[in-house]
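Naming follows writing order (A, B, C and D), and every chain is counted from residue 1.
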Amino acid sequence: MRLHCQDVPGIVYHVSRFIYENGGNIINAEQHAEAMDNRFFMRVHFDCDGLGLSRADFIKQLQALANTFGMETALTFSDTRKRMAIMVSRYNHCLYDLLLRHQYGEINADLALVVSNHPELEPVAREFSIPFHHIPVAPGQKEKAEANVLNLFSEYQVDFIVLARYMQILTDGFISRYEHRIINVHHGFLPAFKGAKPYHQAYEHGVKIIGATSHYATAELDMGPIIEQETVRVDHTHSAEDLVAMGRDIERHVLATAVKAHGDDRIMVYRRRTIVFR
Amino acid sequence: MRLHCQDVPGIVYHVSRFIYENGGNIINAEQHAEAMDNRFFMRVHFDCDGLGLSRADFIKQLQALANTFGMETALTFSDTRKRMAIMVSRYNHCLYDLLLRHQYGEINADLALVVSNHPELEPVAREFSIPFHHIPVAPGQKEKAEANVLNLFSEYQVDFIVLARYMQILTDGFISRYEHRIINVHHGFLPAFKGAKPYHQAYEHGVKIIGATSHYATAELDMGPIIEQETVRVDHTHSAEDLVAMGRDIERHVLATAVKAHGDDRIMVYRRRTIVFR
Amino acid sequence: MRLHCQDVPGIVYHVSRFIYENGGNIINAEQHAEAMDNRFFMRVHFDCDGLGLSRADFIKQLQALANTFGMETALTFSDTRKRMAIMVSRYNHCLYDLLLRHQYGEINADLALVVSNHPELEPVAREFSIPFHHIPVAPGQKEKAEANVLNLFSEYQVDFIVLARYMQILTDGFISRYEHRIINVHHGFLPAFKGAKPYHQAYEHGVKIIGATSHYATAELDMGPIIEQETVRVDHTHSAEDLVAMGRDIERHVLATAVKAHGDDRIMVYRRRTIVFR
Amino acid sequence: MRLHCQDVPGIVYHVSRFIYENGGNIINAEQHAEAMDNRFFMRVHFDCDGLGLSRADFIKQLQALANTFGMETALTFSDTRKRMAIMVSRYNHCLYDLLLRHQYGEINADLALVVSNHPELEPVAREFSIPFHHIPVAPGQKEKAEANVLNLFSEYQVDFIVLARYMQILTDGFISRYEHRIINVHHGFLPAFKGAKPYHQAYEHGVKIIGATSHYATAELDMGPIIEQETVRVDHTHSAEDLVAMGRDIERHVLATAVKAHGDDRIMVYRRRTIVFR
């Protein structure tokens, strides 16, 4: 259960009492008080085995509690794994990384399908027994292509989307359908080096550290709430191409970290910032 | 309040109810379940302003709760700042670092005094207006010197001790007086390179990364519970002396991080591991 | 060209003159003076296109120069790519990583074959079109299995070997055949946590940083010259299994870094230390 | 000796011959070929003890060599230590750090004086026996104040200037007097978060990593050639004030690294990039 509300006394107590009295057993609880707007955030992971009422009734009761405190709440059950779609173009490093981590059990979600605007990576998906769909994006036909993708996502019951170096800009309409459920990786240390060719921008600036950023996609390009960032040291001996190669390592890692946190329901978004619980 | 006990259902609820019903307001609570021994750890930071009973009575009530669950509890009040002693020899980098961080308000403790077996760093302490005592350690006279130090600590009401590159090995008797209240910095990545000249050991081994470790001092040299570690990359161009210089930067940082965590009562020790809450 | 010798005046000049007068053009040169034994190391990368003599004659002349200065020299030509063998057991993360980096052109070597004591990873090798040989190691039959491996290496003209989490200890006889040409990855921060289950050792010690190490295999287990190390921060919330998962990321990275350096002939070994030129 | 020129064959040879034939002994030489503009950079550290001609004559000969290859050269002698000025305002962390590193012998330069627009840090300079001059900057009187500073620098024979969190923007006139000889530290990961309050900008963006940058000051604010950068991981639990505190650690480190490299004459600037030799 994740919730946020005005920061007033007693929230931890009332939430833990609510869970306890309904037969739940708290396994872990984390809070965060954001100074901005005096806002309180909480995530509680509790065991439902002993719940003395149905889930539907629990949710009804929770709504009553939420109303009392003006809480926004989100409740998910760990026995209902989320279903994830991966969108790629031609780069394979993030795709392989996610497929392997999924295989190792690191990602708490089911991999529903892979969608690409190019056919090249089909064998990779197939080798991991994941359905692959090639949806080309013809010039001027982006909305039609997106409609096809949305149909697929509906058919595959997709809960969230991972843009694993998908080289197309999605329309606002598409993004708004999956608010805070599209995870993108940007190959630069945002907010520096937005847009195209960030490694080449970094090279020309002569920076001594490059970075990669995973974030929720929003209508404003490369400006959505940041989930994870990572950096790596570079120097004058590295060409722009070297930066691209070094960047591959941190791109896949920041993306995987974000996907794992999302799969575990450990992320809360407030304004343009994320709270990523442990 | 910090506590640990067997991990049974309802602890978060009972602790938060106890605090709530006595008029406390939880600001932050963190838990940790250690798989080893099925042990549950909790730290609760709560506001006492509205307590409906005296602190003494609160403590009595807490003891009753603790008995019910077989908890070990520790309660400290943030309006009672701990008093810290620093022990040094001749190296000044950790001392300066702690004095500056204390001046910046980063360390949640009062700096009671500086004790050294050498006189050289007296001007440094004086410049920050901290009492300095020179207690030489003559060969074969360690216990006598330690007795003098203990007298000073008693007089200055010292709660915990920071060994800021103090180059003497303390006796078991001394250490046992301040169990888990003596913070040492070792200039190596423990458990590698225990004992003397760790940077030279590291150089000869040709390691590509060196480290520093802060830990609670225990009777077994350099084996106490680790609080913080940090590493820095080195290569063949660095001499053993370069490693010493690079090590200074990480030594002061791991020590300061440990001192801050201890000052905030964020550390719990269980067996040889530490839980360092945020 | 790599060389080392006593550190006397004029070496850089004599080497650069030798190359220049024979029609070579220096692209890059790096030196290193090791204080131990007053030893001088040099690596020169030069363009051979304008050589005024045959390679065989160049090598003869070089030998004369080497004799003058008591140099040990090694000369390799970048148009003769080295041939690499990968040995694996069942873990696939390092294998995938090397196959992908090889595909990206990051590794300056040809991938000759993959050898495993288990059959499971054959499809992975096949998918990248690399020959795979399953050489089981029956109890008490290690030397026979190694003989088979050596035959394969001979047949495939293997220059160096990468142990990509190969879970067998090689015999001294095998190792001595490929001195400083077998690259191993150890899933611990050597020299701490040698031997089996290093992540579990690290967990029990309560370290706050874990590491991985790539090194040349030598007769003494986990004690060969270190090529690269990497660390990652952990805390009390991580189980031993979490450390294993986090370790996978740094294992594959330290191994790849070592393989790339070896492929580029950028490594020199002196005693138990490595010099890794840029 | 540092030099750069068009990248043509034979430069390493001709430079090493020039040094050898004049009686110099090369201790270390590094080269770098910058793909942009096909430019070649070289730094040679050689022993002058056996020079067969006067330094003045050596410089004359060097000029002839430079003319042949169209080289830009810079020659400095390690027995002539550079003289460094530090400019500060009220923050003391970078000042203390530089004073201590100077005391440890880490910085290859003499500390000529400290200049401040505020009087508060005079005791700090005095404690390290460094002259301190308070030059206030009255509104509208910046150029007058700078003239006073320049007079002091002339009097103290200052070679280069370190802005150790000096909170005034220098005029272009001042900066142009010390081209590539004014080292500034910016408390943000440039080119992100230029200008004022970078940590607060970072906080509001919700970045997960903050940075600090040392660079040569140029007329364009916070856009001069970057010498060193460092980053540190942050999360939602950190307030903007926490970022300020964490930033102090990396600010002092990136500044010190830059000052050491400049003191050793290891930096070359080409366009907006720096080459920092080891």
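Following the convention adopted for this analysis, contacts are C-beta pairs under 8 Å (C-beta built on N, C-alpha and C of every residue); 3 or more make two chains touch, one makes a residue touch a chain.
Everything quoted here is computed from the prediction, not taken from an experiment.
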- Message: Let me spell it out: compute each chain's centre from its C-alpha atoms, then which one is farthest from subunit C's centre?
- Response: B
- Pair exhibiting more inter-chain C-beta contacts, A-C or A-D: A-D
- Task: Provide the C-alpha centroid distance between subunit A and subunit D, rounded to the nearest whole angstrom.
- Result: 41
- Query: Which integer distance in Å separates the CA centroid of subunit A from that of subunit C?
  - Reply: 37
- Item | Of all residues in subunit C, the ones touching two or more other chains | 237
- Note on the structure: Within their complex, subunit B touches subunit C through residues 32, 34-35, 189-193, 204-209, 211, 225-231, 235-237, 239, 272-276
- Where on subunit B does subunit D make contact in their complex? 92-93, 96, 100, 104, 106, 123, 127, 237, 245, 248-249, 253, 278
- Complex interface listing, subunit B residues touching subunit A: 9-13, 16-17, 19-20, 25-31, 33, 47, 50
